[in-house]
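Multiple structures are listed underneath, in C-alpha cells.
After this come two complexes, each holding chain A, first together with chain B and then together with chain C.
Showing the complex of A and B:
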C-alpha cells in the first residue's frame, strides 16, 4: 500500500467517524417518527395528526391544515414586506446622498448585530399599549423590524456592485431615476433579492418565539409555533414519536425548497458591463 | 450647435480646490466630430457628463441649438451615449438592449424591434440579436453599445473612452468604423479620450484640456503644427517635442536664443516683437524637424548619440550634448538609411521654419507667430 492510499484511508476513516453521529441522528429522527418502539414495528400512527387535532397529556392543539395555511400566508407576507421595504432602502443607502446617511448606516450596522431578544420586554409593553398583542399585525411588525437591518445591509452590498455606468446609461436612454431603478437596477440585483427572499422565508418559517410570546390563540399559530406548543406545560416532552413526526412534516418543505433554490441562485447571469 | 459658456463644475468637499472644470468655453457645430483630449483629471469626462445632463454645472450655461439645457434631464436631451464599460443591460438580449431607448419613448414593440434590427445591420451585429451581453466578445459588446446609442436617432452622440477596452488592432478598425458611421448619419459627436492618436485621427476638431480649462481647440494638424502653449506642445506628439531652455537676446540686428554656450539665430522672417527680448524661453522642436548634417554646416550643433531605437519606419536617436550646452537631451527621428550608433558623434540642425518659442511664464505661451 502506498503512502498516498494510506493517507487517504486515514482521512476517510477519520471523517466517517466524525460524520457518523450526525447520520445516526438523522436515521434516529426518521425511525422515531415511523417506528413503534414498544412493538418494534413500522407504523404511521404518529402521523394521525394529518386527520385529527392533536391531543395528549393535557396538550390540545387544533388540526394541522389551517396551521399550514397560516404558515404559508405568514411566510410569504414576511418575504413580500421585507423585500418591498429593504430593496428601495438599500438603493437609497447605496446610491443617494442625504443628510445623516453615514449615521443611519452605522445605526443599521449596530442594529444588525444587536441581540433583539434583550428588547423583547419593552417590545411587549409597546404592543400592549398599541393593542397589537395576539394579532398578526403585531407579530409582523416585530418580525420585520427585527430582520430589516440585516436585509438592507445585504442588499446594499448588491447595489454597491452595480456600476454607475449602467444607471447612467438607463437615464440617458430615457428613464427617470425611478425608471432606471425599476427596469435596470432591480434586474441587476435580482440574485440579491433572491437571496434575501430565501433568508426571510426561512426566518419566517422558523419563527416560533414571537408566536409563543405574542399569540395566545392556538388556531393562529404557524408550524414552528405549533411544534413549540407540543412541549407540555411542565416543559417535558412526552410524546417523542408525535414530535418527530410533525417535525419531519415541518422540515420536508425546507429540504425540497433548498434543493430547488440552490440551483436557481447558482445560475447568476451577469455580464456586458466590465467595471472600470 | 452646442455651446458651452463659462462652465464651472465644483465637487463639494473632495479637495481644497475642487474645480474639475474651471471656466470652460466650447462651441460645437452641427454634424461635427469633436474630441476632448487631456491627461486624467483634466475635466474631460466631467464635461461630457454635463453635456449628458448626468452632472449639473455649478455655474455657466449649456445651450443645444440656442436652447438652455442646464436643467434638462438626461432623458429629455435626445442624446446617445457609449460608456467606457459599455454599460449594456445584462438581463436583456442584444435586441432588447438596442430597442430599450425606443421602448422608453413608448414606441410599439414591433416597430422598435424593426428599428433595432436596422441599426444592428449598420453595425454588423444583426446575427447577435438573440444573445445576452455576457455571451459577446468585447468588440461585439462595443458595437451593441454603439447601436443602442444610435438606435434612437440622437441629436448628439457622446462617446466616453469607447475604445479603451479594445485591443490595439481592433481599436484601429473600430475607430475607422465609428468615423464612417458618424459621417453617414451626420450626428454631432463628442468623444472623450486620453489617447491622442485616436483623437487626432478621428475628429474634425480637438479640444485639449488641462486643469479644467481648454488649452487649445483646433483641427488636429493645427494643434500639432501650431501649439498655442507649452502644455499642448509637450502633450501632443510621440516621441514628444524637444524643449530646450534658453534666453532670447538681441544684438546688432540679430535675434538669438542663447543656451549655456549655444546660440541659435532666429531667421529674419520669424523675428519676434522687441518686448520679448530677455525672456527665458523653451525652444521647442519636434524630433522629425531635427536633421543630421555635416560638421561644416553653419549653426550646427555637435551631439553624442546615447541610444538608437528602431521604430520600424525609422530610427529614434537620443543624443546628449557632451559639453553641457543644452539642459536636456534631444530626440530626433531619422530614416533607416542613416547610419548612426550609440557613441557616435553627430552634427544636427534645426529646421528654421519649424521651431517654437514658449515663454516659461504666462502659462507657457507660444511667442512665435503662426505662419
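Showing the complex of A and C:
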C-alpha cells in the first residue's frame, strides 16, 4: 500500500510541476489586467476601452463595441455556412452512391491533411481578381473552405453510425429520401451538428490571420484581428495592462462557452484515434 | 414507394437509374464542390502557374521559366531557413509527443477516474482554447527583454544576472518552440487519452494478478494500443509544423534577423512584405511538395479504402 501511495505522490508531483506554468499563466492574465505593478494597487483603469477608442503605440483603433458585434456576426455566419454545407455533403458521402464518389472521398481526405495555408498567396490573387479583398465575403469563403473537409469528415462519422433500418423504416412509411434525411436522420446526428458548430465557432472566434491579410479597414475587424493589430504592432509589448484587459474581455466568454460545450470534444472521433 | 421497386432491380441488370436520381447526390455535394474548386483547386493551380512568373508589385507578370526555382536554390538564406524549419518541426513534434504521452498515461492510467486527473487535463486544454493572439502575450511577457519581464525579474531578484537578458534575440527559436508545444500538447493528449480509455479494465487486473510490473503494463498493454493514434499525431502535427507559421508570426515575425523564419513563413514574407509574389509562390510550392509527400505517407499508413465505408443500399 505504501509503495502505491508513493507512486501516486510521484505522479502528482510531476503533473503539478507540468501544470504550474499554465496556472501561472492564468493568474498572470488576471493580475496584469487589474494590478498596477509599480504601485501595487488594483484598479480597473485598463478597462477604459469599454468607453473610449483605444490608442496604443501610435495606432488608433475604433471603439470596441462595433468590433464585438462584428465578431458575433462573423462567428455565427461561419457556423451557419459550415453546418449547412457540411451536413448535406457528409450525408451524400455516407449514404448516397454516385459516380466519382471514391475519387471525391480520396480527395476529401487528401485535402483534410493538406495545409491550405501554403496556397494563401494564390488565394489572395484569386480574391483580388474577384474583387473580394477587404470584404467579409472573401474572408468567409476562404475560412469556410479551409475548415470544411474536417467538418465533413466528422459529420460523415456521425451519419455512418446511424443504422440503415431507421432510414428504411421512414421510407417504408412513405417518406421521400429527402424527407427521411430531414425528418429522421438529421435529428439522429444532432450531437454531431452540435460538435461541428462548436468547432466552427471556436475557429471563427480565434481567426486573426485572414483578417490581418484581407481586411484593411479597422472598423471591419473582429476581436481577434483587433488584438492581432495591437500585439504585432511592436516587437515588444509596451502596455501589458491594456492588452491583457482586452484579452480577458475577449477570452472569458470563450472559456465559459468551452466549459459548457467541452463534452463534445471527447465524443468526436477526430480521425485516426482508432484503427478503422 | 420507389425503393421497393429498386430492390429487385438492383439484382437484375435491366434497371437503369432515372436521370433525376443520378443527379440527386450531386445536389448534396454541390456547394462543397464549388467552394473547393474555387478556393482550393484553383489556388493550387494558380500557385504552380505563378511560380513560373516574376509577378511582383507592378502586377505585370512575365513568364520566366524555372528562374524562380534557380533563385530559391541559390538563395543564401536557404540553408539557414531549411535548418530552422527542420529544428522547429522536429523538436516541436518530439517534445509535444513526449508530453502528450506522459500526461495521458499519468491521467488515464495512474490517476484513472480521479478528480485530479480531470483537473490536470482541463488545465492542459486551456492553452489551446485561449485564442492565439491572447496566448502569445503571456510568452512575450515571460521573456520580455526589459526588467519588467518575469524571467528577467526573477534572475535579477536572485542576482543571477546583473542586466536584463534580451531573450528574444538570444533564444528566439527556443521560445517559439516552447510556446508552440504548450498549445499543441492538448490535441495529442485528447487522442491518446481516448485510446487509453478504451482499454478494458480487466486487462490491467489480469496483468496485476499475474504480477506484472507497472513498466510492463505500460510497455505491453498501453503502448500497443497507442500505435495508431501516435502515428496519426506524428504525421498530422508534422505537416502542421512545416506549413503553418501563426505562432511564429505573432511571437517574433521570423526575427531576429532570420533566426526563426521557417520555409513557409519565408514564402509569406517574400510575397506579402516584399511583394515578390512569383518568388513567394515558388517557395511555397516547395512547402507544398514537402507537405504532399508527408500527406501521401499519411494516407499510406492508414489504409485508405478501409477508411471509406461503402454505402450499403442502392437508392
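Here is the rule we go by: the second predicted complex is superposed on the first by the 255 of 276 C-alpha atoms of A that agree within 3 Å, B and C clash if a C-alpha of one lies under 4 Å from a C-alpha of the other, contacts with A are read in each partner's own complex, and residues count from 1 in each chain.
We adopt the following convention: a residue touches a chain if its C-beta (ideal position, glycine included) is under 8 Å from a C-beta of that chain, and two chains touch if they have at least 3 such contacts.
Given the structure is predicted, the values throughout are model-derived calculations rather than measurements.
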{"item": "Broader residue contact with chain A after superposition on the shared chain, chain B or chain C", "value": "C"}
{"item": "Which superposed partner A:179 touches (first chain B, second chain C, both, neither)", "value": "first"}
{"item": "Which of chain B and chain C A:219 touches, first, second, both or neither", "value": "neither"}
{"item": "Chain B versus chain C as contact partner of A:60, first or second or both or neither", "value": "neither"}
{"item": "Which of chain B and chain C A:8 touches, first, second, both or neither", "value": "second"}
{"item": "Partner chain(s) touched by A:161 [first = chain B, second = chain C, both, neither]", "value": "neither"}
{"item": "Touching partner for A:144 - first (chain B), second (chain C), both, neither", "value": "second"}
{"item": "Partner chain(s) touched by A:171 [first = chain B, second = chain C, both, neither]", "value": "both"}
{"item": "On chain A, positions contacted by chain B and by chain C", "value": "168, 171-172, 174, 270-276"}
{"item": "Complex interface listing, chain A residues touching chain C", "value": "7-8, 11-12, 14-15, 18-19, 21-23, 25-26, 28-29, 32, 37, 84-86, 88-89, 91-99, 101-102, 104-107, 109-111, 113-126, 141-142, 144-146, 148, 152, 160, 164, 168, 171-172, 174, 177, 202, 205-206, 208-209, 213, 224, 227-228, 231-232, 235-237, 240, 243-244, 247, 250-251, 254-255, 258, 262, 265-266, 270-276"}
{"item": "Complex contacts: residues of chain C adjacent to chain A", "value": "1, 3, 22, 24-26, 28-29, 31-33, 35-36, 38-40, 42-47, 50, 99, 102-103, 106-107, 110-111, 116, 120, 122-127, 129-134, 136-138, 140-141, 144-146, 148, 150, 168, 182, 190-191, 194-195, 198, 214, 228-229, 231-233, 235-236, 239-240, 242-246, 249-250, 253, 255, 264, 267-268, 271-272, 277, 280-281, 284, 287-288, 291-292, 295, 298-299, 302, 304, 306-309, 311-315"}
{"item": "Chain B residues touching chain A - in the complex, by the definition given at the top", "value": "49, 52-54, 73-75, 77, 79-81, 83-92, 97, 100-101, 104-105, 132-136, 138, 141, 144, 148, 152, 158, 165"}
{"item": "Residue numbers on chain A that touch chain B, as the complex places them", "value": "163, 165-166, 168-176, 179, 184, 187-188, 190, 269-276"}
